[in-house]
Amino acid sequence: MNLLFGPLRRVYGLWPFVLPPIAGTAVMAMIIGALVVAPREIIEGEVQRLLYIHFPSIMAAYGAFAVVFVASLVVLWKRDMRWDAVARGAATVGVLFTGLTLATGALWGKPVWGVYWTWDARLTATLVLFLIYGAYLLARSMADELDEGAARFAAVFAVIGAFDIPLIMMSVRWWRTLHPQPIVFRGGGEAPAMPPEMVLVLLIAFIGIGSLAAWLTVLRSETEWTAKRTAALRAVIDRREGA
Amino acid sequence: MAVVVKDLRLAWRDRAGWASAGAFATIAVLTYSFAFDLATGDVRPLLPGVLWTTFLFAGIFAGGQSFARESEEGTFDALLLSPVSPTMIYVGKALANVLAMLMIEFAQLVLATILFDTNLVSLELLVIVIIGTVGAVSLTTLLSTMSASMRGRAMLLPVMALPLLVPLLIGAVRATGAALSLDAGTAPWTLLLGVFALWSAMLSVLLFPMAVER
Amino acid sequence: MALARPTRVTASTGAIVETRALTKRYGGLDVVRAVSIALPPGSRTALIGANGAGKTTLLALLSTLVAPSEGDATVAGHSLKDRPAALRRAIGVLAHRPMLYEEMTPLENLGFFARLYSVTDAEARIEELLRATGVWQRRHEPVAVLSRGYHQRLALARALLHRPAVLLADEPETGLDPEGVEMLDELALTVPGLTVIAATHRVDRIEAWATGLVRLEHGRAVEDTASIGVGASA
């Protein structure tokens, strides 16, 4: 499935040789770094090490959703179903890493703040994001592989969802300011306060999770495209047998 | 063109579907009454939430319904084949849905006024309901029209529509609360509602033609 | 019996329906493959081919219901890509499904479509067509209670309502009794001045009405006796 031109095409073709090694080494380094190298956080303890998965994960998810947005626009504009495969692949990765973010957040939150979940603005908005792109995947999975109308429907939904996100964040934030926040949410990463070892491990974590996300997206997109081509071939065979 | 829109509205007068939606909304409000014992105690803080969740679910349910027949009969294709532009087709459908929903919602406001001894029939509230309905129905009409031919559409529609409608729900409930003199904070909820309605209507009108041509 | 008086719109190339390498692809599968035909005005072309050969898709492309993956077509002077709304005014479509509003009566159905197509003498025209298709006696009954044969007749009436220049028909004989088939011939298939493209399985009847044929096989036009300047092509 080659969507790119000229030199970019060749670069894309290198992905099986580039992404797995980088992702593999970086993630290994991240794990070792997170568990051994990075110092124990004073206030929160060992649990804080989840940061190295938590923060890069949500960033990877945002990146994936950005890909879904762009790919969906192209699907609507050019009607090229290969971009639908890309959108599905990226959405799968995005939902995966958003789920990971929410899960690591819950695990982190319980010992530190006493609760698995709180309805603060950022968490709630992240949850809604998860729901929107989860719904996108549901819609795609329920449709026939070759159904272009269903693909365009999902693309429209993804585009609306992307434009909806600022409105969601705004409304949820206004909503939550009605209630005093019992917990001071420190968020994913405050660079100034972090010792250099932490910063280093975080950087490696970004590379690791980022390349992992990229690798998974490419894998998933290629798989989706192959599934479509298979379905098309099956349709040809059915046709010929019927005739 | 206006004549055409009017005729589209007439064509979509699928009485059976909207009657079911109206019945559903009524049952929902009554169900909430039993679930939350709304007849006693301080009911009012819950009312906006009860009303708007009912409106959203009824709207999604009815929107899906009203289009099911259209797609089964294949008459939607007949509309697409006609010289009428897809934009007009959408506007006609959305307008028809808005009007039908408004009728159902007004009936619910009257019912709730009686059941919960709270005056819900005020101009301020009606304006909020109208704006909120336009915002919600624009999106649900777009989604239900596009998903018409898909199986599992009935389940899919609420799952897809509700996350998108979160800002509308938050805004509408708080705006309604403010109109009823409940504590709703100082944020300009009606403004948010208006912005959402404008945004969803414009986006739907823009995206519909692209979505429909095969 | 020229009941339908079609408007005359002719393309500059001499053909009223012309396709240029028209292609429709679904997920890598070419359902219609580089079809190029050029049909003269007033011609009546039978579109034949096995199931799945692409007949329905080709008609769907010409009716603007489906967008082409490649290539273009011109119908009655209007390009598929540039002027779809004007194109739709010039064509009548008799599809596989009747596409009628079940709760409304034939009179209401035709009234609605007459408004959509801005038919000027709607009442008179509706009566004319309802009588010709034999639905007049049942014009006040909801379509849901009418039989398949009546649906087909009504669908034909709807297709001709706005006096199109070109009629696209997908297996128009479906559901019609011998009387109905006669009516179909009189109203549509042998009307001078009306250009017809009809996909059909009734190969036995072709000689009765068709002036040429196009055979599709796996999406490709393998035989074409209908196009201008073309004999039988391989």
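Chains here go by letter, A, B and C, matching the order in which they are written, and residues are numbered from 1 within each.
In this text, a contact is a pair of C-beta atoms (placed from the backbone, for glycine too) under 8 Å apart; a residue touches a chain by one contact, two chains touch by 3 or more.
Here the structure is a predicted model, which is why all the values come from computation and not from measurement.
Shared contact partners of chain A and chain C, listed by label: B.
A comparison of the B-C and A-B interfaces places the larger number of contacting C-beta pairs at A-B.
The most central chain, judged by C-alpha centres against the centre of all protein C-alpha atoms, is B. Farthest chain from chain C, judged by C-alpha centroids: A. Chain A and chain C have Cα centroids separated by 48 Å. Chain C has its Cα centroid 39 Å from the Cα centroid of chain B. Chain A and chain B have centres, each the mean of its CA atoms, that are 31 Å apart. Among the residues of chain B, those touching two or more other chains are numbered 214. The set of chain A residues touching two or more other chains comprises 148. Shown for chain C are the residues that touch two or more other chains, namely 67. Residues 3-4, 7, 10-11, 14, 69, 73-75, 77-85, 213-214 of chain B are the ones that touch chain C when the two sit in their complex. Residue ranges of chain C in contact with chain B, taken from their complex: 63-67, 85-86, 88-89, 93, 95, 97-104, 112-113, 115-118, 158. Chain C makes touch with chain A in their complex at residues 26-29, 50-53, 67, 69, 218.
Remark: chain A residues 76, 128, 131-132, 135-136, 138-139, 142-143, 147-150, 152-153, 156-157, 159-161, 163-164, 167-168, 170-172, 174-175, 177-178 touch chain B in the complex.
Touching chain A in their complex are the following residues of chain B: 139, 142-143, 146-147, 149-152, 156, 159-160, 162-164, 166-167, 170-171, 174, 183-185, 187, 189, 192, 195-196, 199, 203, 207, 210-211, 214.
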